[in-house]
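Only one structure is covered here, and it is reproduced in the block below.
Just so it is clear, A, B and C label the chains in written order, and each chain counts residues from 1 on its own.
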Amino acid sequence: MKEILIEVKNLKKHFRLSNQETVHAVDGVSFAIRKGEIIGLVGESGCGKTTTGRLILRLIEPDEGEILYEKENILSFSFREMMSLRRKMQIIFQDPFSSLDPRKSVENLIAQPLKIHNFGNKKKIKERTIFLMDKVGLTREMSTKYTHELDGGRCQRIGIARALALDPVFIVCDEPVSALDVSIQAQILNLIEGLSKELELTYLFISHDLSVVRRLSHRIMVMYLGLIVEVASSKELFGNPFHPYSKALLSAVPSLKLSKQRKRIILKGDVPTPINVGSGCRFFPRCDQALSICSHIDPLSKEIKPNHYVACHLYT
Amino acid sequence: MSKKRYKPLLKYVYKRVFQMIPLLLLISFVVFIMLSFAPGDPALLLIGPIGATPEKINEVRESLGLNKPLLVRYFDFLKNLLFHGDLGRSFQSKRPVTQEIARTLPVSIRLALNAMIISTFFAIILGVMSAIKQYSFLDNITKIIVLTGVSMPIFWLGLVMIVIFSVYLGLFPSSGWGDWRHMFLPSVTLAAYPLAMLARLTRSTMLEVIRKDYIRTARSKGSSEFSVIYKHALRNALIPVITMTGLQFGLLISGSILTETVFAIPGIGRLTVQAIYIRDYPIIQGTILVSAAIFAVVNLLVDISYTFLDPRVKY
Amino acid sequence: MFWKRFKRDRAAVIGLGILVFIICLSILGPIFAPYDPAEQSLAKRRQLPNWENIFGRDAFGRDIFSRILFGARITLIAGLSVVISAMIIGTILGTFSGYWGGLVDILIMRAMDFILAFPTFFLAILIVAMLGPSLFNAIIAVTITTIPQYARVVRGATLSLKGLLYIEAAKAMGASDIRIIIEHIIPNLIGPIIVLASVGLGGAVIMVAALGFLGMGAQPPTAEWGLMLSEGRSYITSNPHMTMIPGIFLVIFVLGSNLVGDGLRDVLDPRLK
């Protein structure tokens, strides 16, 4: 098994809305990502997955916890150390249009990280830019175009090229295809997958869409209201989900195999908000298999099967 | 006003008044420091070029208390102000500053009020009329008035007024302060710029409001044109105008300096200017403090008036 | 691209014509001025306009026409200095305040509020009193009173730009705060700033002239229009041309710049209408 590239320990991030209300966006998340793997992070909107992605890159500062990159805690990095770290850890955003400066041409957008990190003279930068454009499937004629002249798929390719500019090792993909038409989604996903193999990249693939995550990820983490409730390999999770929430999520995934048509589990109750969560399991209000213990004790994560973890009292 | 809105509003007022005090203190301190760096020796200016020996200068400085260290002087000033309501004495006239201000402030306020009434009255008329009858003759006249009003330096306008109405037509006195004839030209001069700004603002707000949907609704309900204009449009259009009126006050205070100088009116603006010429520090200190205080109070009143006018605003 | 829209606004074009005229006056004027603006002639004092001196002479016998020409340059430079300085300083303060927030924001905004707590002209004459009367100090005084407007507008714009996703993307790439401010935030501010500047030019010119009028700005024998106004004031009954003419030119200048300012505003920021 490859070595651990990134390890996250007890990561917490709270947002204070007002004097009484705090959003516990990420409330004690721990996981490890190995070199070369594609690990999916799924959950509904508001569960904290996007925040987690941002925290790993230190785009937001965590309130508690550690983030280790190759065994070093990046939270104690100086500005310069972070600069060199940014060459290795990158991010692809969800909205291809608003994540790209509309005033810059495609060329300049891709070259921006190169310029920031003093990659070299104009010639070297231009060469690298063309190389990157080729890699993501953009033609040379597009270098002088602007984002408002292109479609979502092409813009997302720009975002990918930009992320690849400095030869990163790890990329956070924050819902990279959620804003794209279904027909284009497949293309971009293929591209992302291909690049991972070709360039030996490690991905944290964030999405609310399980079907998208399924084919790409080696392992999947399921997140709910700021906590990870289940972690398993892709095959295991889809074959044998344990946590009631995971089961509900999976039931909503359409399956082509008629025989495997799952029974739709409809969760009762409104979508909760991660504001002022009390003690006890977060999922308790919506869980149809809840035990009495679930209402006042937060379940801890346990390894049910090899490399399959669940945080649920049903399995303790 | 409902009891529910009364309490938080009162709290807000207390908060604002409370904040004003450190602000005014800071202003008085900063003004004090600034004046201490000013070139020119008040003692020298008082004595005049003849008879200005170093001993005499020092003697006068002693009597004015200028030889004491800066902070001591400031704390003396503060002490006098806070405990005795005393702003010191004018270097030149030796009269209490409070007296001088009491003499001049009412004049300036009268002038400002005149100007405000004139400008608000005509601005609303012009603004509303030109909005209703867009592109008409009146509208064009209004636009021209606005443009010229905004572009004319107030001191020049005053001089023009004097040349036309005083010198050539002999209708009004060119300076001084006494009856309505003395007040006419300066009030009109001071009103010109605010009138222009307000007319423009009223016109554009009215235009905006007239186009709004709820006006169409009121019209379709069959209300007469007049009631539509009056009840619905004007009410809402007046809100930014009220704001402007408050802001106007700042312009009027500033403009008073120039108007009073041009028309030789014994107001607080002219007092300040004269005081600066002769480096009469206590007067300068006093006038600036008082005008800043009045300015702050007017701003607060404007903010409060918002609660009455715009039900969406809550404190 | 904006030019086409601008051209359609006739008033704005007239305004631009006026400004260009004034600019020409200020550049070419001093070269072609028939007389030395400081040259006095006791015999010809207060002469009314005639063929020899188009605008007549002032209280010291100096040719008013030449003085107007030299004054154009002074007025223009003074106005531009105020507006450009306030723009630069205001932008720096506004972006720092908006982008970094926190203590920096509080301090800067408090300072701006402090400046705004004074009635504008009072503050200007106070500053000049502190620094001493001169054209340069008048420019400084007016600049200081103008900065808060720019700082506030820039701060507001920065706050709304700050949350844009591509700014976060730039941070992810390792861009420093300064780089982000320069490359992403400021280009988006140019519109509102230009509008403020062009609309504010007239006001700045008037304020500097007002200080000159009070004797707190340009000092004799400088041919500044505001100063010329006050110098001619004593003879307003007998020889009004000495006061009226510089005043008319001031009005023309301010009118021109206001027209251009309104035109620019309609082009760059139509919703402000």
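Operating definition for what follows: a residue touches a chain if its C-beta (ideal position, glycine included) is under 8 Å from a C-beta of that chain, and two chains touch if they have at least 3 such contacts.
Remember, it's a predicted structure, so these values are computed and weren't measured experimentally.
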{"item": "Assembly fragments, chain A aside and the remaining chains unmoved", "value": "one piece"}
{"item": "Innermost chain, where centres are averages of C-alpha coordinates", "value": "C"}
{"item": "Geometric centre distance via CA averages, chain C-chain B, whole Å", "value": "22"}
{"item": "Separation of mean Cα positions, chain C and chain A [Å, integer]", "value": "53"}
{"item": "Chain centre separation (chain A, chain B; CA means) in Å", "value": "59"}
{"item": "Residues of chain C touching chain A in the complex", "value": "164-166, 168-175, 179, 183-184, 187"}
{"item": "List of chain C residues in touch with chain B within their complex", "value": "114, 117-122, 125-127, 129-130, 132, 202, 206, 209-210, 213-216, 226, 229, 233, 236-237, 240, 243-244, 247, 250-251, 254-255, 258-259, 273"}
{"item": "Contacting residues of chain B [partner chain C, same complex]", "value": "23, 26-27, 30-31, 34-35, 37-40, 147-148, 150-156, 159-160, 162-163, 167, 204, 250-251, 253-255, 257-258, 261, 272-273, 276-277, 284, 287-288, 291-292, 295-296"}
{"item": "Chain A residues within the chain C interface of the complex", "value": "57, 59, 82-83, 86-87, 90-91, 93, 95, 98-103, 112-113, 116-117, 159, 162"}
